[in-house]
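Following: one structure in structure tokens, then a few remarks.
In this document, chain identifiers A, B, C and D correspond to the written order of the chains, with residue numbering beginning at 1 in each.
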Amino acid sequence: MRQAIPAGRTAAHAVPRAISDRTICGLFMAPALAILLLMVAYPFISLLYYSTLNFSILNPAKGSEFIGLQNYTRLLSRESVWERFVFTGQFVLATVVVQFCVGVAVAYAFQRNFKGRDLLFTIAMLPMMLCPIVVGFLWRYMFNSEWGVVNYLVTLLGFGKIDWLGVPGNALWAVVIADAWMWTPFVILLATAAFRGIPTDINEAAEIDGASPFFRFTRVTLPMSMPILLIAFLLRLIDAFKQSDLFFAMTGGGPGSDTETVAFRLGKIAFSHFYTGQASAFAVIMLVIIIGLSLIFVRLLTQQGRQD
Amino acid sequence: MARVALDHLSVRFGQVAAVDDISIAFEQGEFIVLLGPSGCGKTTTLRCIAGLEQPTSGKIFFDQDEVSHLPPRARQVAMVFQFVSLYPHLRVRDNIAFPLRARGEGRAEIERKIAWMSKIFDLGDILHRRPGTLPPGARQKAALARAVVREPRVLLLDEPLSAIDEQFREEMRWELRHLQKELGMTTVHVTHDQREAMSLADRVVLMRAGRIVQAGTPRELFDDPVDEFAAHFIGSPSVNLIDASFSEDGVALGEAGVPIRLPERHLEALRRSGLRRGRIGIRPHSLRPAGRDDHAAVPVERPIAYAVGRERFLDFELSGQTWRGVLPADAGDSLPERMQLDPARIFYFTPEGVRLPVA
Amino acid sequence: MTVLRLSGLSKSFGAKQALRQVDLSLEEGEVLALLGPTGAGKTTTLRCIAGLEKPDRGSVHLDNRDVTATSPRERDVAVVFEGFNLLPTLSVFDNIAFPLRSPVYRRPEDEVRREVVQAAATLRIGHLLDRRIEQLSGGEKQRVAIARALVRRPRVYLLDEPLSALDLKLRESLQGEIKAMYQATGATVIYASHDYPSAAAIATRMALIEGGRILQCATIGEIIADPRHASVGRLVGSPSMAQFPAQGTGQGVEIDGLPMRLPGPGEAGGRLLVGIWPEDIELTTRPTDGYAEGRVWATDFRGRDKAIEVRVGSQRFRKVVELDLQAQQGDPIWFRLPPGRVFHFDAATGERIDHGPTRRAA
Amino acid sequence: MTKTTRTTWLGSAAVALAMAGLGGPAGAAETLTFIWHAGTCADAVVNIAKDYPDKNVSIVPALVPYGPEWHNKIASEFAIKGDGFDFAMWDSQSTAEFAGGGHAYSINKVFEESEYLKPELFDPASLARYGEYPDGSGQYWGLPINQDAYGFMWRKDLFEDPEEQAAFKEKYGKDLKVPQTYQDAKEIAEFFTRPEEGLFGWGQMGGREYDFATTASNSFMWSFGGELYNPETFEAKGYLNSPASVDGVQFYVDMFEYGPQGSQNWGWDEVNAAFQQGKLAMAMQWYYFNGSNSDPKVNKFAETTGFGNLPGAIGRDGKFRRQYSVGGQGMGINTYSKKIPQLVKFMEWYFQPEQQKRYAAVCQTGLKSVLDDPEWQGLNSYNKHFAKALEYTNDYWHLPEYNVLLDILQEEVSNAISGKKTVQEALDDAAERHEEVFEDAGYEIVRSDETPEVPDTVIAPVGTDQVVELSTD
């Protein structure tokens, strides 16, 4: 905002003094603010409003009853809902860790110059471009325990066939693999950008300083790409938290509801059961969690900035 | 500290020879400056010494040890880079400790060496700060400390001052000069700034197109350049240059053919060379108001006099070109009609730019 | 005739006081250098003159007209910033012609062409007129920026460190061109810089600014003969003034850590700075009576001569010496401050505490 | 812009405007959009509609994958009262939800307004199943367009192999023939389960998605005399978890032993794939897929695949029942559509026997005259069985809340399949949760003093004392 004021002042010299700079500033910003309000605030406020109603948008004739925080208390008192959060947490943790380990390693490997690197890089980016539902069905067939390619490989290695999607623990990992397959490219992309942003000088300096490649990676490359990696981590975290397509396609949330993520559950409540009020409350809870996560990362980022 | 020798060193990138068969030795403790315009091969030479670039042919010795193909880690060199000389995410003390930790030195030893560096470089105030919060001068000082701390065999400096404001650069030059002598380290410094080269070097190696044009003390390069390129590249304000035609009768300058009387021994030398045309150069400080003796004097047209500090310069036209000379501090407001070239300091060049020995 | 007058100009940005009571006036055809370190208030002064910044207090008069409240386009000034602020999409010609085509200064197109060509010739960029800005080198861009300011023939040119981004050789040649330009056109110029040599090369008068305050405004000769403030000494000269912390004894001045007693104005126990232009310091390489012993801390070869830094304890100074002086780093050296050549400054405020010029004038 | 071009431009704009004004509805092409899941039947509708005589009307499909997305797409449009589609084929059980919300256009009105479209064209059972809400009210909201039922298929080459027959007789002391009861089916399934040969006895769906597990387990549950709830009293406890219901679901869960590992989460696609690869001796599958499963290009065992009706079961009351899930979709009309008259015209054409015969060649028509037509019945090996199958179909809740109920039952049956809960626990929990849904929705639950062991005797056909054999030719 400080930047904007001198500019406003300059413009103000030419016009009569009747309108203050601040007013002009306000006038210029008004349309943008209005749009922002309309696009963000309105849906959010109506979400909050709906979350206090017993209401189904599919059956408006039945009317809507104001029930205060009952939607929230009902959701949060249900053990099954907490179980969904725990499962989602496990999934998020697993997939994001896998994505970062693999993604950062691959991105690091891509730092070297080798023949066909650009082509390989492009190919590596492809999974990200696919539609999640398609990816889900693709992996569902690959994980088919009877004729899927994954079990084929497993048996080639001399192990017994694994029921990937029918056992909750396995299904978690199956979806983690699919999710990581799809989204590791995103981490590769950002990590590559982060690595390329590190001046060559720095790496050469470290090399001359006598640092081994591992020492260089852990002491120079990684810390210096941390701001971008943190942002990538946050994006992946939020995205993984919202994952439902892959579970929908691969396990349908089963067996039982063991592989339902919160987003999956929310989708069901909102668009299958059409419990609009309850779904709104659920969405608000998710939003609060996501905002909380974001705040943690924003704090981390600004802390990093402050240290510099 | 080591003596560094380059033996027929060449680096080719495809068809281009970045470094073209260089042989030279840098003595132990010597401050060497590789000077030249961009693309002259100075940086490539430095990177070869560091091990960041592999020579296409030729050898590099540190004392008796051939290091031509050793990786940078194994060479025990230190280098300070142009822009990013410190790890931005580490505090100054951790920056200095970095090369020691990279080599797995003990904690106590590291502490001892940080304290040592802090004393030499006067880093007390900034040890716990991050590079981003430091003024550029302090940053480069810390970078030097990081380079020096592990007592390298050679210290390599890749334009370490060029990213710094002019204000700080001058200060850093003084610091660098003092410290290098104090530590007695063999130092190879790369720059395109002749002022910096003159200021710092024990010996300047002037390069062009991958080859060494001239290597010598700053004073040798200033007073006795081997060719027109060297004469022009070194010195500020720049050397005055003009085309000249040589004949039996004498010498005439520029297109206008302004005649100039030169010492007989110079004319004799010119005659011996058999040249008809060439170029004449004189540094501004060797061009002063002519006294009664009109020897080696040129007429002053359209003079503009101005002072820089206590020094007064005189710009004037000579056959359509601007020449610059100096006026004595005690001269009044009246401007001289003729300026005189100090005969001992006139440079004669062939049309190809090679300096003719005259004296 | 006074073209520009600043009276009591003050400006703050939040808690930072950028300008404090700045008074300056500029005569027609004068080139004034505004010399000061980074952050001294040079740019803010120029922005106030241009109308890009409104002072909190004080006034700006152009040709005796109060323009303090008018907009930049109502003031007949041109600004060349440190950056190039050229329009990258336009050719060199169109960039230079830009102000002449703007509504305020609109001229017929043939006149525009004439003016542009002439300005380009002055700055030796006639051959570049058809190029695009992005094809130019830094020095060429700077010349285009200056030509763009030149072409409009404003009452005042404001040049804000126009050369500091360039390397030494280019800077020297552009200094000459800027000089030639104002001598040819009789323009009135303020040239803001932190670099003493380039300011000295261009300006007829210098205003020294630090911490938003004008310390002194005078010709170079006047400044050297009569520096009003310790900071003036530090800003002027190459090397700049040597300054030694010292203590008054009532009868004279004792320089800290040196066996040197000088006549001076200090009260007993008063802290002060003894300043002297390096040219006035006398050196010898042999122990000599009345000389203090120091050590050469570092040397700096400068082509036709060399500079040395001498240190004794915490005292230090730099001085240009003859090339032939035998003084290598670490060598002992003896020096003396001739009493008539020193200036005395209050150690706390930096103000001069003796009065009037020294005997010697530049 | 020069003057001439401007004139020209204005001129053509005027012409365009005039054309638009004059042309009106007659000139503009009319599109009728429908939502369905992608597959042979939707393709058939589109193909047949190409020959619709009124060339100004074109039928545009908006297809989605089979599963919840399909329901959700229709529901979402209804939720915003949009006219993004004009008609849709929705699952039989959705009628209550969409009609209850007031989003479906009354088919009774269509019957009144149309000269041709009358209830008599359809089998009353079909009409009720795919369009009636509330049950027995005579209010219709959809026309049977794609009738479907759970069916049965088996490998004739295995069943007719003399060696297999001898071995079976040896082991079980009876003849190997196509089973009429699940009890028989279990023995045969066990007999053919030979993992080392890659052959398994029984294939069925158990997936958590949509209704995969429920429609399959319901077929067992009903055949064993179980019930989902009592539609009179809205009791689920005592019905859904009645001993007979538990018998049926337990039998269903046990049958996974004779399927490949991982078949617990199969959907129809996996059942088809496994059968087509010859991994299954028997499988329960929707009639809908018989078209492709009898196609030699798709199924290499097509020539030797038998198609017929699912077995029944002898329940704990000693009665034989044969009941299985109804499938298929009714065709409903979006009440927010602005093109209902044009749509009704199209329907009048489309439900002509001529068009329906073409349709019935690949899909299951609802038009009585075609179903009864011997020519159609003889068209392939399964049409005649399908005509019979309709008598044995049953459907779950015709309530607007069915989607929530279904999701709960899916979850609990899935829990039972995966072994996370016993069948009893799963059904107890399901019954409990279903009653919560009923209460939330405002239904009054009238609690009976006593609940039946075999609920089917109370609210539906009692069953027969003898096994009623159906043809397996």
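Keep in mind that, in the parts below, a residue touches a chain if its C-beta (ideal position, glycine included) is under 8 Å from a C-beta of that chain, and two chains touch if they have at least 3 such contacts.
Here the structure is a predicted model, which is why all the values come from computation and not from measurement.
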item: Chains touching both subunit A and subunit D; value: none
item: Chain with minimal offset from the mean of all protein Cα atoms; value: A
item: For subunit B paired with subunit C, centre-to-centre distance based on mean C-alpha positions, whole Å; value: 27
item: CA centroid of subunit B to CA centroid of subunit D, Å; value: 88
item: Centroid distance [mean C-alpha coordinates] between subunit C and subunit A, Å; value: 55
item: Shared-contact residues (touching 2 or more other chains) in subunit C; value: none
item: Multi-partner residues of subunit A (each touching 2 or more other chains); value: none
item: Residues on subunit C engaged by subunit B in the complex (per definition of touch); value: 37-38, 164, 167-169, 172, 176, 179-180, 183, 194-197, 200-201, 220, 224, 237-238, 279, 297-304, 309, 318, 323, 329-330, 362
item: Footprint of subunit B on subunit A - complex, ascending; value: 199, 201-202, 204-212, 215, 219-220, 223-224, 226, 307-308
item: Complex contact set, residues of subunit A against subunit D; value: 57-61, 133, 144-147, 161, 163-168, 248, 251-259, 268, 271-275
item: Subunit A contact footprint on subunit D (complex, rising order); value: 65, 68, 71-72, 75-76, 78-80, 97, 100-103, 207-210, 212-213, 260-265, 270, 273-274, 277, 279, 400, 403-404, 407, 410-412, 414-415, 417-418, 420-421
item: Contact footprint of subunit C on subunit B as seen in their complex; value: 165-167, 173-175, 177-178, 181-182, 192-195, 198-199, 201, 218-219, 222, 234-238, 283, 285, 304, 306-310, 315, 322
